[in-house]
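What follows is a set of structures for review.
Two complexes are shown next, each including chain A; its partner changes from chain B in the first to chain C in the second.
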Partner chain A sequence: MKKSRYINGIGAVTAQGIWRTDFFTESQPLQQAVNAAQQPSYRELISPAMARRMSRGIKMGIYAAQQALDEAQIDIPDAIITGTGLGCSEDSEKFLRNILDNDEEFLTPTAFIQSTHNTVAAQIALRLGCKGYNFTYVNRSVSFESALLDASMQLQDAEATDILVGGVDEVSDHTFRLLQLVGHIKPSDVHETIHDSNSPGANYAESATFFTLSQQKTAYSYCEVQDINLQNKLSQGDLAAFTKEFLERNGLHAGDIDALVLGYNGDKEFDGWYDIFECIFPSIPSIYYKHLIGQCDTSSAFAVATAAKLIREQIIPAIIQRNQVTLDRPLRNVLLYNQFRGEDHSLVLLRSC
Partner chain B sequence: MAELKEELKGKIIEVLNLEDIAVADIADSDPLFGEGLGLDSIDALELIVLMDKEYGIKLSDPKQGKSIFQSIDTMAAYIAENRTK
Partner chain C sequence: MAVAGVAITGIGIISSIGKTIEESQHALLSGTHGISRIKNVETKQKERIWVGEIKYSNTELADLLHLPAGHNYTRTAMLGCYAAKAAVDALGGCDMGAYKTGLISSTSVGGMDYTERYFYDYLENPALYPYITTHDAGDSSHKIADYLGIQGLVTTISTACSSAANAIMMGARLIKSGRLDRVVVGGTDALSKFTINGFKTLMILTDELCQPFDQNRKGLNLGEAAAYLVLESEDVVQREHRKPLAYLTGYGNANDAFHQTASSEDGEGAFLAMRKALTVADLAPSDIDYVNAHGTATPNNDLSEGRALQRIFSANMPLFSSTKAFTGHTLAAAAAIEAVFCVLALQKQIIFPNLNFKTQMEELDFSPQTEVCQASLTNVLSNSFGFGGNCSSLIFSKA
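For the complex of A and B:
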């Protein structure tokens, strides 16, 4: 028998600040090529002695994780699973710069220790005293979805009851300069929102988004994670078949989907994928979110947060709706689609509970 | 020696990223580990690298560190006596 997987808690630190009830009413579209997250105060969660060694990504991850646990009223999860595209890139850069600047001598331990991709999951576990399954997926733009898939399977197989799952990526100077050089990030002198974008590349931002995923439904449950599918390579011609197959294995057809949450990021060369996807589902609300929180390898985690909130509240804030279709029925099945530069396609199906 | 101690305090704050501590907050005789600045074993490794990089002092015997890193006073005295740059 298929076990349920409920989202019982959400936490996030983004360019629009932390996850909160008025998140969408207080947000403004990003226009900068590179955006730092609005950092909350970490003093209540992380001692100054610990915080001094942590990069922003680690602190953001710890904060978002605690928010998700608090909302679900879970002290220690059975497992911690994270996804990250670039890991703790700030410390990686620091360590590598030290190697170059000091001719491979005088290598300090802190940057090395903190530079690994699993640092965030490890630091969360250390802080909580969680000795359970701890895993980090580094699969570019499906890093978070890979973590979510693992968490879903762990719950399905009854390996765990409550799982903390999240995605985190931080901004770092050198790496982001390189991403700008290769055109993944818009040039610094281009100030476009996703809505009025007319150029290649995306506005990037750092973010951390975490969820408490549980077998048990509670009074706080947002929705249920119904299914996840990942596909590295896909042609635009196969997108409809890929989606249809996913829906069919869940006993659904296109008409059963009540809203879409799409990963439009303002890259003129690749946003066409979402236009094609929208055409499979005419006349339902289409929602986007990266104009608020920016692009990074794990920004699609925020799509899950967005969809979960919509399902629970049954309201679509105007700032995240792309089309003009009025919501005329209950939001029951919400389908999320993300890709990055035509690769790493992911579908996530959320259902009201 | 006073100048070296001030320089050392500044370097320690910078290297260990002691965000809320200023040079003036560190007394020359304050213990660096435990009750004083509250440094730990990872910081000790950072201090060993600092001694090597900034003053050309290689600590081959880790046991030495315990006495050398007691306070700014002991560190400065050891550096003044053994520095090669």
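For the complex of A and C:
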């Protein structure tokens, strides 16, 4: 008997601040190429001495994770599964600079210790004393979706009852400068929102978004995670068939989907994928979110948070709706689609519960 | 009798003891290690450390892979492509599109070997730009998937030195759940100045040949390697008339939740991982005939792992060895190359020795196997532990 998977808690640290009830009404579209997250006070969660040694990614991850656990009223989950595209980039850069600038002399281990990709998941486990399964996926824009797939499989097969799953990526100076050189990030002198974007590249931002996924439905459950699919390569011509096959294996047709949450990031060369995707469906509300929280490899985790909130509240705030279609029926099935530069495609299906 | 498990139908490997299964097996049986002074990485630590380095330059690797001029394959990606291709070729010509096929790879350094070379030069030299996007850990997996022609579920795991064990575990679960029919799983890591200096700051590198499980062990030798396994569903095995090399019957991952880089004294994480793997395989500790230990030869690991083994097996410790003295510690690839060694051990009914061992650890009541020996092997267990308290165990069973 396959078990269900409910989202019972959400936490986030983003360029618009932390996850909260008024998140969308208090948000402003980003128009800078590189955006830091608005950092909350970490004092209650992390001692100041430890916080000084930790990169923002670790702190953001710990904060978002705790928010997600608190909302679900879970102390220690059975498993912790994270995704990160670039990992602990700040500490990696710091250690590498020390090697290069000091010709391999006078090195200290802290930055190296914290540079491994699984540091965030490990630090959360250490803090909670969680001895369960602990995985970190690192595959560009499907890093979070890989973690979500893993968590879903474990809940479905009753290998765990409560799982903490999340995505986190931090800004680091040099790496982001290099990503500007290759055009992934817009140049610093371009100030466009996704809505106004007329250029290649995206506005980037750091973020951490975590979820408590549980077998049990509670009074606080946002929605159910129905299915996830990942695909490294796809042609635009095959996108419709890829989507149709995914819907069919879930007993659905395009007409059963009530809203779309899409990964538009303002990169004029690749946002066309989402235009094609929208055409697969009849006229339904289309939602975006990266204009608020920016692009990073794991920002698509925020699509899940966005959709979960919409399903629970049954309202679509104007700031995240991309088209003009009015919601004329209950939001039951919401489909999420994300890709990055035409690769690492993911579909996530959420359902009201 | 273990559960049916997931069939392993192909294996491929490249490490400092060989670029083929035959070369690796020959080295293991003749007790020939692959530890030497480093040649391919420019580092000041050159004369202070011994490493398990693959003696092919990047140009030679690119030639072996027939990569076009102007390619942007990092060393990590090239080693991965080489070993993964060998694993798939072992199937004897197969159409990657014929079944739902995926790739679960793993790496810890990713493209760091090029990042550390061009970190500042990138800003000045646009000709180097193609390497900028090879820095992230997912790059090598994309390259391997493209090289093999895999389109589908492709992802990467990075949990430091247990990475490949976790990739193998996830692959097996994807087959069991029916989401995939076939999956290529494993890991790849190239030596880099970054990891050499990182491990040096932790003071866990020895300036001699490493001595796993020896009372006087001084630390580890780093190495580089890649290895991949092809896992296939029972349905594919039947339809393609495969003869499985072995079965993956058990797997478990747990967290030590003790320290970011050090293992707990009682080996709690390792103990939990082994216990989970035994439960998944539905085996008792007494069913395990051989343990391929993580055995990095650091004072901390071998004590922690030794205690965990003692807790699992009590007075009935099976034969065990660490093969790290042959290859060095190959980080994210370690569990994959050791998975290949376990498959070979099951196929040949042979245990590979723990080199450089002299004195039994005073905290333990057992010593590793130091000579090649014939043994009746049905189930073997392989351990891999990483930073962040990450502990993984895999159980392989005779086909």
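Criterion: the second predicted complex is superposed on the first by the 353 of 353 C-alpha atoms of A that agree within 3 Å, B and C clash if a C-alpha of one lies under 4 Å from a C-alpha of the other, contacts with A are read in each partner's own complex, and residues count from 1 in each chain.
Convention: contacts are C-beta pairs under 8 Å (C-beta built on N, C-alpha and C of every residue); 3 or more make two chains touch, one makes a residue touch a chain.
Quick caveat: nothing in here was measured; it's all calculated off a predicted structure.
Residue contacts after overlaying the shared chain place A:Arg249 against neither chain B nor chain C.
By the document's definition of touching, neither partner reaches A:His195: not chain B, not chain C. Contacts of A:Asn102 after superposition on the shared chain: chain B is touched, whereas chain C is not. Annotation for chain A, partner touching more residues between chain B and chain C: C. In the superposition on chain A, A:Arg20 contacts neither chain B nor chain C.
Applying the stated contact rule after C-alpha superposition, one finds that A:Lys217 touches neither chain B nor chain C.
Judged by the touch definition given at the top, the superposed model places A:Asp150 against chain C, while chain B stays out of reach. Of the two partner chains placed by superposition, A:Lys3 touches none, neither chain B nor chain C.
Residues 105, 107-109, 113 of chain A touch chain B in one complex and chain C in the other.
Contacts from chain B toward chain A in the complex involve residues 15-20, 38, 40, 42, 45-46, 49, 52-53. Every residue of chain A that touches chain C in the complex is listed here, in rising order: 80, 85-87, 92, 95-97, 99-100, 103-105, 107-109, 112-119, 121-123, 125-126, 128-140, 142-143, 146, 150, 153, 156-157, 174-175, 177-179, 181-182, 184, 229-234, 297, 343-344. Of all residues in chain C, those touching chain A in their complex are 43-45, 103, 108, 110, 112, 115-116, 119-120, 122-123, 126, 129, 132-133, 135-138, 141-142, 145-146, 150-160, 166, 170, 173-174, 177, 179, 193-194, 197-198, 200-202, 253-261, 268-269, 272, 386-390.
Contact residues on chain A toward chain B in their complex (touch as defined above): 48-49, 51-53, 102, 105-110, 113.
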